[in-house]
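I'd like to ask some things about the structure below.
Lettered A, B, C and D in written order, each chain numbered from 1.
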Amino acid sequence: MADLLEKIKSWSFNWRTIAQAGGSEDALNLSPDLPVHQCQQVRKQLNACLQSQGGEVSARQRAATLGQAYLELNTEGRKRFLKILAEDFGTDRQAVDQSISNFQNATDEEAKRGFEIELRRNLEPARMTLLRQFNALPQGVKFLVDLRAELMQMAREESSLKIVERDLKDVLISWFDVGFLELRRLTWDSPASVLEKIAEYEAVHSIQSWSDLKNRLARDRRLFAFFHPRMPDEPLIFVEVALVNGMADNVQDLLDENAPLLDPDAADTAIFYSISNAQAGLAGISFGNFLIKKVVASLKKDLPNLKTFATLSPIPGFRKWLDETLAEGDSALLQTSEREALKLASGQKGAKGGLKALLDDGRWVNKPEACEALKAPLMRLAARYLTEAKRKGARPLDPVAHFHLSNGARMERLNWLGDVSQKGMKQSAGMMINYLYKLSDIEKNHEAYRGDGQIIVSSQIKSLKKG
Amino acid sequence: MADLLEKIKSWSFNWRTIAQAGGSEDALNLSPDLPVHQCQQVRKQLNACLQSQGGEVSARQRAATLGQAYLELNTEGRKRFLKILAEDFGTDRQAVDQSISNFQNATDEEAKRGFEIELRRNLEPARMTLLRQFNALPQGVKFLVDLRAELMQMAREESSLKIVERDLKDVLISWFDVGFLELRRLTWDSPASVLEKIAEYEAVHSIQSWSDLKNRLARDRRLFAFFHPRMPDEPLIFVEVALVNGMADNVQDLLDENAPLLDPDAADTAIFYSISNAQAGLAGISFGNFLIKKVVASLKKDLPNLKTFATLSPIPGFRKWLDETLAEGDSALLQTSEREALKLASGQKGAKGGLKALLDDGRWVNKPEACEALKAPLMRLAARYLTEAKRKGARPLDPVAHFHLSNGARMERLNWLGDVSQKGMKQSAGMMINYLYKLSDIEKNHEAYRGDGQIIVSSQIKSLKKG
Amino acid sequence: MADLLEKIKSWSFNWRTIAQAGGSEDALNLSPDLPVHQCQQVRKQLNACLQSQGGEVSARQRAATLGQAYLELNTEGRKRFLKILAEDFGTDRQAVDQSISNFQNATDEEAKRGFEIELRRNLEPARMTLLRQFNALPQGVKFLVDLRAELMQMAREESSLKIVERDLKDVLISWFDVGFLELRRLTWDSPASVLEKIAEYEAVHSIQSWSDLKNRLARDRRLFAFFHPRMPDEPLIFVEVALVNGMADNVQDLLDENAPLLDPDAADTAIFYSISNAQAGLAGISFGNFLIKKVVASLKKDLPNLKTFATLSPIPGFRKWLDETLAEGDSALLQTSEREALKLASGQKGAKGGLKALLDDGRWVNKPEACEALKAPLMRLAARYLTEAKRKGARPLDPVAHFHLSNGARMERLNWLGDVSQKGMKQSAGMMINYLYKLSDIEKNHEAYRGDGQIIVSSQIKSLKKG
Amino acid sequence: MADLLEKIKSWSFNWRTIAQAGGSEDALNLSPDLPVHQCQQVRKQLNACLQSQGGEVSARQRAATLGQAYLELNTEGRKRFLKILAEDFGTDRQAVDQSISNFQNATDEEAKRGFEIELRRNLEPARMTLLRQFNALPQGVKFLVDLRAELMQMAREESSLKIVERDLKDVLISWFDVGFLELRRLTWDSPASVLEKIAEYEAVHSIQSWSDLKNRLARDRRLFAFFHPRMPDEPLIFVEVALVNGMADNVQDLLDENAPLLDPDAADTAIFYSISNAQAGLAGISFGNFLIKKVVASLKKDLPNLKTFATLSPIPGFRKWLDETLAEGDSALLQTSEREALKLASGQKGAKGGLKALLDDGRWVNKPEACEALKAPLMRLAARYLTEAKRKGARPLDPVAHFHLSNGARMERLNWLGDVSQKGMKQSAGMMINYLYKLSDIEKNHEAYRGDGQIIVSSQIKSLKKG
């Protein structure tokens, strides 16, 4: 949030200006760690905000001043500040009890409904009002989003802050209704400041340099992001798309800066090869499904020749699951002949040899024999992992699989050596998967998955599973 | 809302497009008056929205389809539609009761807080979720604002709809947080479509023609409006300002299209001569105080020579109050000499003559003697009306006075013959008043008014009151 | 140019600011009629501009000051000013003679070419440099365009100014290269200030009111204009288009504000019903052909269902030609039976009756019999006028016909009672004509017309001609 | 120009589209080296352009097609193409001779003036018309600017192309009138594609990385560029400014990415530390003086606390001049004591030691004694170089000095070790100079310099010179 403070300071026109014009005091000089004797001062200011002392405009100005003071605190100081919110600015318990009693004693339905609203309003703690008032800051919405990220982290150690985080989440859920979001295509003509954030937030295939970034914005690439109107420089979530012919099976090919450009009008397939959430403070407030479908609709409109929409996705949990499963022995996982071949390929005999040895070594990808020996069993095991490994409940262990399946995609094709980067090798033994978004089946697939937990897979994956 | 339907139809890219791409059915053919046998269909669709059938994206699309179907209904049909929302999409009463019980039985504070949130969420009726989903419409926010205007009107006859209106208000309060609003200056270079709305919404001194409008946007005039990012073509509230020398005392002078232009840099005073709310559906969600103060701050920055910020305001309730008071006889209101003079001026003897006769006739403004006779008593009575006539409670009877006083302005000057238009004569016997926004006193004035109901007035008004 | 002065004064940041920062004197106080003793001062300033006294930036500032001083002169003063340009700022005759001599004496081709350039540059009179320097004014290009309009008018009486006008034309030809122009679609969301200019400049079917204007921007209408990047608020030329089904035959129908809207995607025909030049100062610098063809291309792209592109055009010279022709007697124009019928319909006997009487009366359009009697002969005569009446040379007498024919259109259909407005009756006896832009024939038609003066007509017009 | 071809191809809407709509043939398949038998085809197309075959719109389309074909040629082919322009599309010599004769034989002045215009127009070779028609290309202006850059290079070997280059220059001079240019401030929020060009074009202190670039756009930095409205993505010339306190004396300090940020409102000095021309094709068409003065005016307006405007400039020709001068022996340049000290510091005896040895070695900057011994003589010699070394005529040898002096700046301060980069050491022995733009003296300075070649210097430089 250091950047934010910098930005807020450079802002020239805001509520502070307004309030200064009105003669309001401005500074709130707090020590960075907000010593206990200053907490009272903060409490007083917060109360003044709540009571709209000097009028609503002044109250907002006070909130802005408080918000800026918060940004100047250190971690200790911020915790103290937030604890004040947690402890002293909850609901009016007496009013709540009274509303409950009114509600319970009401005899006709209309009165009951009226008291429901009364109760609901009384259940909004004072801190929610205060949190909303921080919207008066020049970058108020970003302030609150970052505040929630901070709260989530702090609440791990300091559980009393959890309540503030949950209240803030409710504020953000309302403000980040997907109807407010704007889909924007980013290109090499977009502001450098925004592109820099894309590079920073990319979470799947990290962006190595500005020329890597430029390549992802080339004529046969698309990058779409959701923006909130009050955070116009901050992507919320973004997706990177390659326009290709046929379903891509290798991400290094897609990222190759020297690959020739394709005429986008000639492409028949759009490959979604990276989706990243950009705002930690919006965790649990999801737009990914909307993004994908809006992008599909936008691409279809602009490039009518596109026939296939699919992802090229990582399988992030595969190796971890495999290692855990192998810890219980590989007898159930491998056929005898496979086990033999793998031992041979690993060059180690006995228990130490075989699958685990090869994977742990990590250099197998450069050894044709090892590749040969690994391919069939790893493909089969990955297919099993994707379709059979579950969390408690029916939900697949693999989070990427869960995301696309619940959006109505189907598992289409497993790609051997689809991502031989260090990360790809470590997470998924170099494999990648295509999820296919077949528009006419999306609703049906979604319902099947949501209802019965049924995972729709292609015949390739079905046969891989069987081995 | 007819315009809205037109607009929505002309939209080319929206959730419908997305859903169509996904194969969703699209039309919802309802008879205009929504006969009872079709209500079941609507209920079913609303339930499908709530349950996110086919995924969230499809649910939004369904909501958009429903919203559009609503716009095609007639008044009868709309009432039936809204009654479904009122009756069948409230809270889950069982869940509410359970949460209340949880809350009441919780022993430690942390649990109690947790159950507060649970209860608050359970008290959000299903219809609030549905209302938010209408945000999926291309002009979703405008749809909901207009829907509330419609609900307020319908609820007068059909009180069961009041609950929907109140729930919708809560949604809009959150979405129209003043932090989201954008202050925009409108000029003759602004879109004709937006200026047309200004002409339509102006509520104080109605705009007669495009040349009248152009004059209000001249070099020595300013027009500022608040906009919501999702209703970029719809002013929410706007204020018209004249840059002048000295505090203006006559609105016809300000509106005179032939008056010479002043160099804005040479002006020392900004006169706010009209403030209008533009959206009936945002009644009770107030931004007027923010607007005035943001405009003051913006003007101060651009035109550092401005020293005085004041309004030139109507006194809308004066004549009505005076007529009612006169009905009880004028003995307490007028001095004997005044009564004589007025009788003489009215040209009628006996009880029929005098103040009331003159006012009812309405032509006195053209008769110097009558003016002479009326000036002193009317100025005194207006000063009394403004400062002494109250509603139940301490609040002044005059709504404009209440608005500016609660913003921290003071009553500065009463202007004889300040508005001799038909409306001005009828409402306030031709008088206008300046409210002065002295920046250094705003907070103090506000607190005095809010706390003790103290009305800050200038010495002119004080002496007028005494007569 | 009064508006321009207003605009320039309100400009806040320009060369003047720059020069003031540099300490330059600013004002040039001239009497409005520029008395002779002040001419010397102007001459001195112009020379200082030419010699870049104080540097080029100061020279530009001086030019801007001079330009502004010019705007403050009255007609007499302006004439004097321009005469100085005409008389004292021509070429350096000595240098010209020297270059001619160099050119004539040069023996090898390369030298000859070099001297051609030298001569060309020496033939640029000093006033062209000065005229270009006026581009330093905030609205410099508009200043020069308006200056040329003024010069054209003045030169009628004062032929010595013609040389300035011609030099200025050469400057403008270079600056208004069609490659610099931007095609913009105007809608009801365009700036009111720009739309106001459209209303003012419309030259074919005058715009009656803002609602008439709004109707011409409705969903099934298009209005395109060319703009110059340095005159972004000033349309240069614009065309109004109606999207309809079938080739429109009546302009009152098109302009009817109450006519139902058509879905533009359902239209099969685009009717260009008005083309107006907006800048008198650009006379003789033509963009009309580019405008029409760019608009056709743009419409085809956006609305692929459009199949036919045609105009609905006036026949402005028909009545004048007819009156002149009739003055020589109608025997060659009318058949005996027609003459009889027309006399009958005119209700007047003898020489006074007949065609001319009916037309002069002007009320025939409301009399069915008269219409009946007039239709055949007028249609025939109009067809003859359009195809046979010529100026000296092969060029058709009708200027609209010449414009569209030289663009490659063909005469498609004559429409009886296509424009029954006063103007339409007066100019063309209520008839209109469609020129058809058939894309595949445009080049061929153009070459036929340009080469042999061949007018391409439809079979309807062919048979009308024959009668 | 490869990029340009890429861009033009990706353009979707242009004259080609228009002409295609009109059925024009489109491709012009030429072999890359344009063999002689294809030249005839090019000639034919060029003639068709000139004669507006098929109408003006078609002619423009032809020109666009030719321009694109040109871009697809190799160097050999392009030379052949341009030679056609040089040889076959000059003036009509007969018409020129006739006009000359008309002009010479004219007896009255008005006729003479008319024939001047006629002659001037006849002296415009056909190729100028053709060159202007290339403006029909989507990036037509950029095409012509790049074409001129190419022509300048080719004309070195192929002098017959010089004529085309000069004609093109005349076209560009008119189109790049400074009144058309737009001053834009670039920030980190500017398009990455534009910033990338800044990095590419920076010619003084090369930009090392995106973080170096970002630093030059920080809160206390400014970067302004001129743009042409038809080349909106291409800076023409740009200047980098540092906002500091006191006149900066060291460029490494300014470029230090880790230096703390200054509040721009607190700065009293604007340092112009880099000015770069970005378009080789605009050589000889200068805007630098306008840029500096517009930027000064803009900065003064935004940051009223700025008092001093100065450059921190390289002295690019110093070392070269010094080496040449030293070649004639150092006796006239150094005092005996200096010579001794320098020999000592160089660690070499005899003729090989001393000033030249130290400079050639280049490591002296790290040796305090050497620095000590070099400082006084180098500062003196630099002062002499700057003020006394001249080209033929009065113009200073140093091009940067000439540029700023002719803009009216004065030589203010020589800075020892102001640029210790490799380039700085090599060009100017690590020294830099401040040119001061004192607004009130600019015109006076300019006139003194232009008239008498007088160089205005500060007392520091005066005393340095004397030693």
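Going forward, a residue touches a chain if its C-beta (ideal position, glycine included) is under 8 Å from a C-beta of that chain, and two chains touch if they have at least 3 such contacts.
Bear in mind that the values here come from a model prediction, so they are computed numbers and not experimental data.
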Between chain B and chain C, what is the gap in Å from one C-alpha centre to the other?
48
How many angstrom lie between the centres of chain C and chain D, each centre taken as the mean Cα position?
40
From the C-alpha centre of chain B to that of chain D, how far is it in Å?
59
Spell out, as numbers or ranges, the residues of chain D touching 2 or more other chains.
none
Classify the inter-chain contact topology: is it line, ring, star, complete, or other?
ring
The chain pairs that touch are A-B, A-D, B-C, C-D
Hey, which residues of chain A end up touching chain D in the complex?
10, 188-196, 210, 214, 219, 233
Quick one: which bits of chain A touch chain B in the complex? Just the residue numbers, please.
13, 17-18, 21-24, 53-58, 60, 90-91, 96, 100, 103-104, 110, 113-114, 116-117, 119-121, 123-125, 132, 135-136, 140-141, 159-160, 163, 166-167, 170-171, 174-175, 177-180, 229-230, 289-290, 293-294, 296-298, 300-301, 406-408, 439-440, 442-443, 446-447, 450
